[in-house]
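Across the two complexes that follow, chain A remains constant while its partner is chain B and subsequently chain C.
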Partner chain A sequence: MSTPASPCRDLIVIGAGPAGGNAALVASGAGLDVMLVDEGQQPGGQVWRAPAPGVTPVADADHERGAALRQRLQKAAIPMRVDAGVWSVTPSDEGFEVALAGPAGPELVQTRRLLIATGAQERVVPFAGWTLPGVFGLAAATVLLKSENFLPGRRILVAGQGPLLVAVAAKALKLGKAPVAVVDYNGSLDWLRSLPGFLQHLPSFRQGLAWQVQLLRAGVPFHRRSEITLAEPDDAGVLGSLTIQSVGGGDPQRLEADTLFVGNGLVPSDEILRLLGVRQRPDPFGGWQVEADECGRSSVPGLYVAGDCGGIRGALPSADQGERTGMAIAQDAGLQTGTASRRNPWLDRFADASCALMQVDDRRIFALSDDVILCRCENITAGVVRAAIADGAQDANQLKHFTRLGMGPCQGRMCGANAAALLRLSPGTRPGAERLTPRSPLRPVEIPQMAGSFDYADIPVPKPAPL
Partner chain B sequence: MQIDVNGTLTPCRAGMTVAAALLEQGIYHLRNSPAAGTPRGAFCLMGACQECAILIDGRIRRACQTVVRDGMCVVLVGASAA
Partner chain C sequence: MDLAVIGGGVHGASIALFAARGGMKVALLDRDALARGASGTNAGTLTMQMTRAALIPYALKAHEMWVRAPEWLGHDVGVVSCEGLSLAFTEAEEALLAERAEARRAAGAPIQLVTPTEALRVEPGINPGIRMASHCTIDGFANAYLTGLAFRRALVAEGVELREYTEVQDVSREETGYTLHLSGGALRARQVVFAGGVWLEPMLAWMGLHVPIRTLINQLAVTERQPPVMRTVVGIASGLLSLKQYRHGTTVIGGGWQGRGDRALNTHSVRHDSLIGNVRLAVHAVPGLAATRIVRSWTGFEAETADALPAVGPLPGYEGAWVCGSVHSGYTSGPYIARCIAQAILGQEPDMPLFPIDRLLTSQPTATLQGQTRG
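On to the complex of A and B.
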């Protein structure tokens, strides 16, 4: 048959970032038979992403931590599936069955325990023209910087909110591409409120401060409490100019730019967890967290969670969580391990400070004008969504049925959080039902990727019943 | 190393993704939205948004998750490579 059945593993870890990578190391070190799965070419996840072959990396803390993780994983010889997409996870007699599509073809793997460490994805608050080529996510810039030490474009603008804003702007400057402007949704007061939290992790604070000083010295204009309201094309149909407006109103300002990096924080990549029915609770900073104990045990037996997919905390708390969860899994399997490090309250305060700057008030989405596209794949505007709600769509799934929102290839990853915000504030909608139900296949997958190659003669055909 | 982009040989380096190779050449417009017909390009670069799903060696692949291969054939449907 096409999908070879492999022996049942003790543990499959999905996601090889700070959380998943460290968990796999600890669990494997304790004696468990672990398989580590990741969609990337190399372990590290997004934040500890490896440079592409032949690229001289920027020797910063993230790169060093990523390189150390990759070295340890290689030394531990943990079976790994990279460049592999998980398109289905189902409960099975043994525990869980994980369906993979990767370069080696389709694979179905059984496991007794499952750790989800799939991290987060970026949220972007939509604006008119945000589908133009040349508009990129803010995290997209970090992908190119980490893997290629490169940013495209001649006139770059950096916008959105959160600590990443300054990081990307400073790195663009270092590459000789001083941003045309930095457009920050937050004001100086918001940053000041987060300052005590940032001081809890001095190396990161110093780095952030140094970036800020470099940008100010280079004369990069900062627009505080401002946002992008319009992106317009040039003659070739790609990004040509951007309109900036102060949050409190005031005159809009138009700037020429060919490249925009814009991001408004992170949302957990929790599709697999929700597919398996974990209990969740609202995150104090917006969005959702997975209900789990200190060691990542979720409400579903045998299912564990570590890192940002269980609630946004950032790289360092995720790495700690991964270690604790790896230990807990080994202990639950009856193995002896060392003692887990305690949860670090300073890192949590640092995470709180970052998350506070990345909050998106639902009212911002609610206030979008009717012509702004919410769902990029299907071109569904805020106006169409409002009309559907007025017509009786009461939850996210009904919205999908009414409008096709979330039905395209990204499966609601780009529009889900924003549609949820609109639903929450619209009268007559069902509270707590504002998110799309995740379904398998969890990502677009072609039939040959699922089926693999096989000979029809090998398909077992049961004998027909006697007449 | 080179890839074929809409019939034009385009330089790239081993190990980089198709998306990075195209962006290095200043190619932003990768396809048109099937629903609206308007230009689209790479957006999230981490495999989530599917905006860079283009024809690579005859199959629909995300340019940001696909590593270049010498002679790889990339077709930008509805977009000119110029």
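On to the complex of A and C.
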């Protein structure tokens, strides 16, 4: 292969957030040759995301933690690749082969050990019109806030579930864009149930409470136990109005809005882990966890996991877990390290409280009307999926063949969890086969980046097929 | 049961369909769903220019069947009939192209060698730097992932007993007919067909017959949708590239570059260097692909006998037992090969000769030829 060869690394860490960043620091400090790879231009991940160049950051706790991590990584001089993204990982003779691609072309890097710390991604429960321009994810809003200190839109509505709801609404308010309404899937009773958990981490609790108070003082209306049922376009074809309704019925109410931030919690970004065949188990709050020990050793030798990609826990437990995993990796490589901090049970209870508010019952997906789009890349509706199941599709991969669901650029990252929910509740489907087989590339790769510059004569064309 | 067919790929499913239409009571078994192996994951190319010369007469008949799928199958598999070009970029490829075009033309494929100017008239999307091309007026492609759906509907309508997700663990001969030992229970049938793709080797071993089957692990990739960059099927002289753009705008890149895998474990995956090489070849042949992205790659098994010709015919020494597989370009020729063996199963004379496996039998089980590239 005419891609540049580089020496085998001791450890590649994919994801430079709280988990991956901390793990890289610890492992590198113990003497391992570490390379850190991330999609972003700077370490920090999503929650500790760095502001874009020239943007004055909002000086909150997340920003300070991120800045500290960036400083420590810089001081440790851990090589970090920001000029190329990971598009695939396979097992190799040395351990793992990590495939990168960037403007300079493809690069295949060997590593003895691999840590996956790719975090989480947003889940959205679809509704009629959710693919209109003007509809954004809640987590997408936090990315914009952290990197640009900006939110688009004039008449903003914030909807969905989980702690992000209040955070985004309060930050919109601070930017002078008081939301038209906050539409919360959870009711006061759900929040009350999570209260004991939230009290386990007082700084976060206080922050959340302050946001609530700010929103109430500003007169932002809260619609508890409610959801968006319809988004309609204006004359220009972008979001114009939203219909909200109490969960389980009640009179619909129409609100004018040009921008909606909506999200229904987080799911692990576990594509690489699944590509490498790790064992997973159901998460008690829905979704999946990776089977790993306290220190992140997965069922695949040499493959480690830290942070939300192994199961949703949030930034602070992820940072701790990263530290523990970094030490375990160094120890497994025969190096001396300090003693790892124990898992913090209070942070876990806080995470449980957050996760409880982000649960999506399969029945909500099962109840979607036929015209609601499930797979937005390929415009596949719930009705088409139901027809395919009636036509004999019994698992996710068959559903993909029958309908093209999950074949678009996002490769099922957006629709996978929802299609799985529909499959699980449909009679005649096969239990345990409701997830799409992950495929590389992990993200679409521009062909010039995968091909790089090459001479035709250098392409190692295998022997011709028999005539 | 008159007939039990083991393996629900394009061969097994077609045999089951034709046998049922011939009046037989048929069961079709697969340990997965229909066409979830090679038949559902191959590139769907319906080309003569990658077909072995000896199989051209079969492939031509099968091409016509694919184009007319709505008539005999009852359902569309997204078949597009178009022209095809095989390109030569070097002197060595020119020689290879001339030799291969000649052999395939002699076997009946309408292939002509053309100049770069003529080739660019047929397909403006190709790299103008070619030295020569071979042009076939009969080419095309199907949407392989629709194969399972189309056959499923047809088989259900025909009353075939479909047993998906049912693993056959062994087959034993009875006084009349055979017993299939299943993961849950047994099934009796007067006749049996082994159509298990790369797993024909272990299946035939149940019957005490040893036929080495090499397992190729073919790798494919598909691009994001983009405006039309090509309108024909494009390959290269060696056969190690196949390109076609589907109506919805995605382009499938294939050509038999090898991934890694294990037949016994039924696992296979992409090799990075293979994918990079294949993509380089693709963007060199059709430069317009540089404007799009690779969204997905995948792999699938292809079966190959010792002489790379099909294993299609009666099981020597076993009355009413048949084998069908290892058909090079198996998807292309599949429905017609299946029709021929179904005729034999129904007691008729096949339209074209079968490929009996006597020539392939070895006395000993051989070391598995696995994960090796051709040659």
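Rule of thumb we're sticking to: the second predicted complex is superposed on the first by the 450 of 467 C-alpha atoms of A that agree within 3 Å, B and C clash if a C-alpha of one lies under 4 Å from a C-alpha of the other, contacts with A are read in each partner's own complex, and residues count from 1 in each chain.
The rule is simple: a residue touches a chain if its C-beta (ideal position, glycine included) is under 8 Å from a C-beta of that chain, and two chains touch if they have at least 3 such contacts.
Since this is a predicted model, take the numbers as computed values, not measurements.
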Partner chain(s) touched by A:447 [first = chain B, second = chain C, both, neither]: second
Partner chain(s) touched by A:76 [first = chain B, second = chain C, both, neither]: neither
Touched partner set for A:402, first chain B, second chain C, both or neither: second
First (chain B), second (chain C), both or neither touched by A:335: neither
Which of chain B and chain C A:387 touches, first, second, both or neither: neither
Contacts of A:255 with chain B and chain C, given as first, second, both or neither: neither
Chain B versus chain C as contact partner of A:132, first or second or both or neither: first
Chain B versus chain C as contact partner of A:58, first or second or both or neither: neither
First, second, both or neither for A:230, with chain B first and chain C second: neither
Chain B and chain C contact sites that coincide on chain A, given as residue numbers: 408-409, 444, 446
Chain A residues touching chain C - in the complex, by the definition given at the top: 1, 3, 88, 90, 97, 99, 106, 108, 388, 391-395, 397-398, 400-402, 407-409, 411, 430, 439-441, 444-448, 450-452, 454, 456-457, 459-467
In the complex with chain A, residue positions of chain C that touch it: 33, 36, 40, 50, 52-53, 89-90, 96, 99-100, 103, 145-146, 148-149, 152-153, 156, 164-165, 222-224, 236-240, 256-258, 260, 269-273, 275-277, 279-284, 289-298, 308, 328, 373-375
Interface residues, chain B side, partner chain A - complex: 13-17, 20, 23-24, 26, 28-30, 33, 35-36, 38-51, 53, 59-60, 64-65, 67
Residues of chain A defined as touching chain B within the complex: 39, 41, 46, 52-55, 83, 121-122, 131-137, 139-140, 143-144, 147-148, 150, 152, 233, 236-239, 269, 376-379, 408-410, 413-414, 444, 446
